[in-house]
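Remarks on the structure that follows.
We call the chains A, B, C and D, going by the order they appear; numbering starts again at 1 in every chain.
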Amino acid sequence: MSHNTFGHLFRVTTWGESHGAALGCVVDGCPPGIRFTLADIQSELDRRRPGQSRFVTQRREPDQVKVLSGFVFDEDGETMITTGTPVSMLIENVDQRSKDYGEIARQYRPGHADYTYDVKYGLRDHRGGGRSSARETAARVAAGALARRIVPGLVVRGALVSMGVKDIDRANWDWDFVGHEDNPFFTPDPASVPVFTSYLDEIRKAGSSVGATVEIVAEGVPAGLGAPLYGKLDQDIAGNLMSINAVKGVEIGNGFEAARITGEENADQMRMGNDGRPMFLSNKAGGILGGISTGAPVVARFAVKPTSSILTPRLSIDKDGAEVEVRTKGRHDPCVGIRAVPVGEAMVACAIADHYLRHRGQTGRADA
Amino acid sequence: MSHNTFGHLFRVTTWGESHGAALGCVVDGCPPGIRFTLADIQSELDRRRPGQSRFVTQRREPDQVKVLSGFVFDEDGETMITTGTPVSMLIENVDQRSKDYGEIARQYRPGHADYTYDVKYGLRDHRGGGRSSARETAARVAAGALARRIVPGLVVRGALVSMGVKDIDRANWDWDFVGHEDNPFFTPDPASVPVFTSYLDEIRKAGSSVGATVEIVAEGVPAGLGAPLYGKLDQDIAGNLMSINAVKGVEIGNGFEAARITGEENADQMRMGNDGRPMFLSNKAGGILGGISTGAPVVARFAVKPTSSILTPRLSIDKDGAEVEVRTKGRHDPCVGIRAVPVGEAMVACAIADHYLRHRGQTGRADA
Amino acid sequence: MSHNTFGHLFRVTTWGESHGAALGCVVDGCPPGIRFTLADIQSELDRRRPGQSRFVTQRREPDQVKVLSGFVFDEDGETMITTGTPVSMLIENVDQRSKDYGEIARQYRPGHADYTYDVKYGLRDHRGGGRSSARETAARVAAGALARRIVPGLVVRGALVSMGVKDIDRANWDWDFVGHEDNPFFTPDPASVPVFTSYLDEIRKAGSSVGATVEIVAEGVPAGLGAPLYGKLDQDIAGNLMSINAVKGVEIGNGFEAARITGEENADQMRMGNDGRPMFLSNKAGGILGGISTGAPVVARFAVKPTSSILTPRLSIDKDGAEVEVRTKGRHDPCVGIRAVPVGEAMVACAIADHYLRHRGQTGRADA
Amino acid sequence: MSHNTFGHLFRVTTWGESHGAALGCVVDGCPPGIRFTLADIQSELDRRRPGQSRFVTQRREPDQVKVLSGFVFDEDGETMITTGTPVSMLIENVDQRSKDYGEIARQYRPGHADYTYDVKYGLRDHRGGGRSSARETAARVAAGALARRIVPGLVVRGALVSMGVKDIDRANWDWDFVGHEDNPFFTPDPASVPVFTSYLDEIRKAGSSVGATVEIVAEGVPAGLGAPLYGKLDQDIAGNLMSINAVKGVEIGNGFEAARITGEENADQMRMGNDGRPMFLSNKAGGILGGISTGAPVVARFAVKPTSSILTPRLSIDKDGAEVEVRTKGRHDPCVGIRAVPVGEAMVACAIADHYLRHRGQTGRADA
């Protein structure tokens, strides 16, 4: 990966700041013949859209996506069919209250990228943090919506598994509940909703923020995707997830737990399934061995730090080196990890699509 | 990253299997004028060399490195000076007891890449796992030895912070002890040596293995290295570390801990130092904000799973789908995480060198 | 280069078809602090815009560029200053008479990409040739307008040096005349205008087309840009130029002439200039030796084939393999090489900007 | 392409100087199951080996290649089978008379890369020009020998079509004669041998050198390889050829001739062949339309300049800016273009293999 493009054969380039005219992405390497509708993309974007509950920023953004290239319409005039040329998608920024940010134009918010941007570039777009805004992730989600359709049978789902000190009960895991309208947290555990609600209300009222952990599970990943060492599927997934702002840790399968157990405990034993195909009796590896997919579900988790934009005053400095106290007003997510769920799904889907095309070829027509 | 090359301007390509004639790497993009001796490279290799204690594989490999290109000798006839052309380094394989592996040529070791290699490639070099052997990491360490010298003042050190269920006591942290001759574990905590010793002796005698956690700290990283989103310094570090075989998790700074705390607790406040330069009152961020280095030490940790090569019989299948029991004789590390310490250092050093050159330019002469 | 992105540190991704809603590019790796106005970009686009004389397609396209990201406005509210984040530029398609193309939707125009697109992708956007339309080059010109501003003192100019069998007289070379309003050919030779005019009128009236040769000269290229072998400056210039549709040949300096002379005749001798700096007594090398710039002007030429869209009926087949005769109505350039002049300038400017950033670093601040 | 690696899925990294211990390459992305013998590689290397006639440098190099990784031996113990891991190949330098170069260590040979290397790197390996030596091409030829075997049915052949002012007669074209033992020029025209012989003898005796033009023809290239714009097959071929030292121009199909003719003359008409498959009635396009292969033979030509290493004194300067006269003794090719023939074949084969894998997938097993 480099700069603002990721992927090797399925290449995504994102652009745009939170307070510019628009943001978007160019999806390059999308095979021809992929059928989708605008609603397929929009529905993914709607999942991460702000302003849907009091637990996410109240900034109002319709996030209406436009697809500008790379397709022809089918006879029905609605279904889009990719042609193999770059798919350019654009989302206009509507609700930009730049004045909210006026006062911090010259100050460095602790924990934020203000300082490092100034050091690197000598100037920065302070409005909403420019590229470091969570808005950039809309472009990733749009790209992911295409990526999901490239690998036949692929299903990529995500869930919030912890918020601050509160963990879900995995015994209650219910994928269907994750998208439920009464579930503002993407939690798979219905019992966790009241817990997260009261917990996050406190955080929010205190003008504070809190971190979270997200788990992504990809089912239907064919065995054989990836490469042994420097193009490992898990490495690219880790890189993709770590490229999301505020992510501080990534693990595959049992992850850090693997560091605490023995070879016996960690090994996924094998047997032949009733379908006459190899099967694993467990999935500690998270569906990847030696960088290559096993055919078992690919499992990844990532840690999202609390947003640095909080009301509590913190010690900092400004551009001139004057020592100041910073408090961020504006409209921010008390737990930015919530909206990271669909973003994580998108990044994992993109990594899998990329390796699928490396394996099956640029046109992906080996399946046709 | 792709295939067997990593890095963007400081590019490392590794090659070789554990049971071929040799293995090595080509370091491309190394700036001209970097001065080093063969001993500088060899000393790094010696740190990861097997056969040094009963806690690592008894395979005997001198691991003598040869530098074949990319330098001219200084007048002293000993100091090498890079010319800016590719530096090719080669390490011959000496001790190859292929027979050790004969019996598992057709069986899939649970937790090993045997199955996925066969699925992907249709054939594999089973001897020592081919590319998936820990021997490949020697090439990384050789490349890292050069990377360390590219950034003036850069110091990259690593330590083992946990072995299986045993953790070190950070209060005892002593960098000088890590390389001590009576310390076969790269632990920074002298008090942990007897604990690790008895613990690992048990594991070893049981023919088992255990995982570990490694921490890498890079000091002297200039502020401003990295990029906001898809070329984040932390992302490239995470990708580099995840590309090491057996690594299942990576975290930057406080990592997964960040998911459990509030914005107040997580923010690194700033003040002006006595040297008149900005300083951070803490380093939860691990020296990276928004993908760009802050000037504070860069801190990364990674989890190494226990090797799958254990004596305990495990259920598996063979190439024909016959159900078998697999036990791996051969000579293996009871805790492969130990030798991962210098490897992790090398991978972090390479990521930093790469971003340093992106920032300062291909020739790195902006400092001259 | 790969797919639709070119460049290593100065990376340009283009997207869009001639008959979609819009086309554009994302310029990634543009250093911060580059100052420009919309007029700077627009003026370059206007140079290649169709509909300006009877010698280019009568398709009417205002080609108004929008810059959507990667900048902040200066106090004057007009000057844009790059921030180091991706610069996304968009040009809407206005005049799209798809019906013109209806009849060739299923036929393969000889010399056109119709057949190969169908073979590769199984479907194609036949309207105006989709990606293979000359309209795509507008995105390149927009990117080139930024590239020109990255290298201090860089001046990149191009000229048409031959049209079909007619050559200019180099003795009359006048750069100022190239952009003259009475010069619809980008020719540097005033005497060639009446010749090209009558020649091209014949071609046009006959419903035919003709090829051309374009020369690009870049002055102010610092010595030391490029790399010895696989990142040669001339190689990247050749690749960039060959990526323009209809280009069939590229040469650097004296090019193919070098194959016909001796070492004595080809060598550019050196002396010290009055300014105390090395100078070359000739420039057969075209400003590049061993892949690295010498400081002399960089000179490249490329051959543009005649457009395949002609009225004369040609033998061909259709998608079903039926043998047909094809004649292309629509609105086409009798000499597409004319509008290739600003495109060639842009591609050379992008290659030089890329190598400048490799040499000086991602932020290009070494000069600040 | 970047630095010393080229290709996207079939990636070749070369390393080594003419006067170091060895040179070589790492071929990454070679699919598994490719069968070859050491003789297959060696025979290609022998074609470009110096010291075979008085028309090439008298430097004696056995150029014995060693394959160090990426294969397993078949039962016969001789046939090598690629495993999909990197294939590292090494060629030792034997005959290094560094003293020959002593006197030019500080002088810049006109037309050579001496000056630009010093400008860029601040130091250089003057011995034999370091990386800019023709010896580096041995690594390309070794890589090409593998590339040739990746695309089933691919045949890539090259020939010298002009030497200085002397052209071959295409009416006499005989591929079988190109490799004939009495043909030291790779010319396809038997009648040209005496002409070239006397012509080059004069050049050689005069201590001079002369340029040449080489034509490469690839047959058996499947239709559909390439990409529309920035991954054009012809663009990658042009880049690959231009990356060869001393190459100053590249053309595809009728190349620069296309700039001088009309659309009618340039169009390759189509009909259905007796085999029921589309066929072209001519091949002006050189087998590539819109960047994608048509199935017709791919034809490329490149111009090789005369070597700058000549006995005739030329004006130049040295490192200190002192004005000097330079004459190069040493052992050099009077027409380096001769040995460029197998090199050009290798570079074209690599580009085709790369696009074949992009199209068919990393493992290339779609054909299995």
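As a convention for this text, a residue touches a chain if its C-beta (ideal position, glycine included) is under 8 Å from a C-beta of that chain, and two chains touch if they have at least 3 such contacts.
In UniProt terms the chains read A, B, C, D = Chorismate synthase.
All of these numbers come straight from a predicted model, not from anything done at the bench.
Farthest chain from subunit D (centres taken as the mean of C-alpha atoms): A. Between the chain pairs B-C and A-B, more C-beta pairs are in contact across A-B.
Taking the options A-C, B-D or A-B in turn, the interface that duplicates C-D in more than half of its contact pairs by residue number is A-B. The distance from the centre of subunit A to the centre of subunit C, with each centre set as the mean of the Cα atoms, comes to 37 Å. Mean C-alpha position of subunit B lies 45 Å from that of subunit C. With centres set at the average Cα position, the gap from subunit A to subunit B is 27 Å.
Taken residue by residue, subunit D touches two or more other chains at 2-5, 8-9, 14, 85, 120, 130-131, 224, 227-228, 359, 363, whereas all remaining positions touch fewer. Of all residues in subunit B, only 1-6, 8, 14, 108, 110-113, 115-117, 119-120, 130-132, 136, 162, 164-165, 203, 208-213, 223-232, 234-236, 238-239, 242-243, 245, 248-272, 276, 278, 281, 284-286, 288-295, 303-310, 312, 314-317, 321, 323, 337, 359 touch subunit A in the complex they form. Within the complex, the subunit C residues that touch subunit A are 2-5, 9, 11, 13-17, 20-24, 26, 28-29, 32-33, 66, 68-70, 72, 81, 83-88, 90, 120-125, 130-131, 363, 365, 368.
Only residues 8-9, 85, 224, 227-228, 357-363, 366 of subunit A touch subunit D when the two sit together in their complex.
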